[in-house]
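By written order: A, B, C and D. Residues from 1 in each chain.
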Amino acid sequence: MPNPPIGFAHGLTLAAASRIAEVTLAKGRELGLAPLTVVVLDQAAQPKALLREDGASLLRPEIAMGKAFGAMALGFGGRELARRSAKMPGFMNAFSDLCGGRAVPVPGGVLVRDASGTILGAVGVSGDASDKDEVCAVAGIEAAGLVADTGDPE
Amino acid sequence: MPNPPIGFAHGLTLAAASRIAEVTLAKGRELGLAPLTVVVLDQAAQPKALLREDGASLLRPEIAMGKAFGAMALGFGGRELARRSAKMPGFMNAFSDLCGGRAVPVPGGVLVRDASGTILGAVGVSGDASDKDEVCAVAGIEAAGLVADTGDPE
Amino acid sequence: MPNPPIGFAHGLTLAAASRIAEVTLAKGRELGLAPLTVVVLDQAAQPKALLREDGASLLRPEIAMGKAFGAMALGFGGRELARRSAKMPGFMNAFSDLCGGRAVPVPGGVLVRDASGTILGAVGVSGDASDKDEVCAVAGIEAAGLVADTGDPE
Amino acid sequence: MPNPPIGFAHGLTLAAASRIAEVTLAKGRELGLAPLTVVVLDQAAQPKALLREDGASLLRPEIAMGKAFGAMALGFGGRELARRSAKMPGFMNAFSDLCGGRAVPVPGGVLVRDASGTILGAVGVSGDASDKDEVCAVAGIEAAGLVADTGDPE
């Protein structure tokens, strides 16, 4: 697709999103993790790519999407959302209701930034422990030459 | 618009709502806050004006609207809603369900009153810490010659 | 705001969205139309600016948002959505259910493109007859130096 | 992944689903179609793979998913769903409500069968005219060595 079609702009291309998704799963295989589901959302929090490994349980796509959606909705990686969930349960419960339960505020939701810091989208991974899910998302994002923001101060 | 159109009554004019929204954002710039979203609701809790700064994250309009809607729904500023959330979580959870998750009970939702105390609408601001959001809303309301009610006793 | 904050990218700035909204309403006043509501959505179909004139009826914000949302959802201006509604009612009814009733497929929803044809967002206007609403949206978009796509072939 | 993880059964493997999705998009490029979105659902109507091309409009993932979901929900390809929509609008409207608007009864939703006729899942494609979307889905399914059922008698 050398000439991108005229239409919606795309900070995050399908090529980048596919690369992120594939490397995320490869990292999970390398680490011997449980079957993973990965979703890559664009700036509109709409999916560019989703892959679910064989053996993954039923709601893994919704959970992976929820991690990435939460990050996009508030503009923080999942670790910051988890901290706010602990410190501000009233707000986070209201936020969950506000978005119809679409946000999952735990690690494994990772913002995708370009070199200048602009948010291009977010990756959500679900299947193993949240911090292991996150390791895979970070590997995927970095393999695409982009910057992962987990919600922890650097 | 010298001759107002005949139609629905308006305690809160578009002129006042626009002034509130613009000064709210200007205050945020003056204080160096994160990108803000401001919404001004009328007596029916319907928007008169909304402005979202560049760089604000995805769900900020819903959160700003939720703060203002919560204030209109129960007739208290966001600080009182936050207190009730802490003291009466059963009621506030039921209330959240009752209104389909549309209310966000935290500071930054500020009632707009006229000099006689009548509620004309509410302002919701989201983007930075809740108390800083609130400072901007109050500045906006006062710049329009109206009275801000944050939910704290004066 | 000379240095845009680092965060979410913005094809459509608040400055452009505000200009669009203000000129849209000014056009309505010039033409003597009924009170208008205008909303400007970005690439994520989230509001950048909304203004509702005094006297506008209750659900005008939702209708204006629905016109703009429908255009963004399918990537066509409201005139094309109206044609499809007439020709493909089964699909358009399913689409309405799919998006929870958020799309209003009539003129007055106008895509905002840049000079290269990229879609930056959409404008929705409601209050008078749909084709008059549309005239105002087009005036607003052009005043911001952008290209209006009503869904009619040029 | 030589040793598949123990977990949920998978008639449709990720390997097959990825192949279907990639060939579907390649077919669209070969035919010069508008940007496509493809989703591959398994027997539980949960996504195994989703890819959205650059330039695709906002709701294409939901529409593609709706085509595939409708096919899985009733066990017919999209062409049969479209016929029933025309002949039995009362039932199809009730069905749409029943599933919360998740089904889109038009061509481009194609069942995936194995050689024995067992349904393994469904593919949904959205972006161009429905019958062109369908051509791409069929190409993808056949490239994976599986049988496409569009809802038309063979």
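Criterion: a contact is a pair of C-beta atoms (placed from the backbone, for glycine too) under 8 Å apart; a residue touches a chain by one contact, two chains touch by 3 or more.
Keep in mind that what you see is a predicted model, and the values were worked out from it rather than measured.
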Same-residue or different-residue interface between subunit A and subunit B, half as cut-off: different
More contacts between chains, B-C or A-C: B-C
Gap in Å, rounded to a whole number, between the CA centres of subunit D and subunit B: 44
Centre-to-centre distance between subunit B and subunit A (centres being mean Cα positions), rounded to whole Å: 31
Intercentroid distance (Cα basis), subunit C paired with subunit A, Å: 30
Distance from subunit C to subunit B - Cα centre to Cα centre, in angstrom: 24
Where subunit D touches two or more other chains at once, by residue number: 56-58
Topology of the chain contact graph, where touching chains are joined (line, ring, star, complete, other): other
Touching chain combinations (by label order): A-B, A-C, A-D, B-C, C-D
Residue ranges of subunit B touching subunit C (in the complex, touch as defined): 1, 4-8, 10, 13-14, 18, 29, 34-35, 39, 44, 46-59, 61
Sites on subunit A touched by subunit C in the complex: 6-9, 11, 43-46, 75, 116-120
Contacting residues of subunit B [partner subunit A, same complex]: 56-59, 62-63, 66, 82, 85-86, 89, 92-93, 96-97, 100-106, 130
Subunit D contact footprint on subunit C (complex, rising order): 44-45, 72-75, 88, 90-91, 93-100, 119
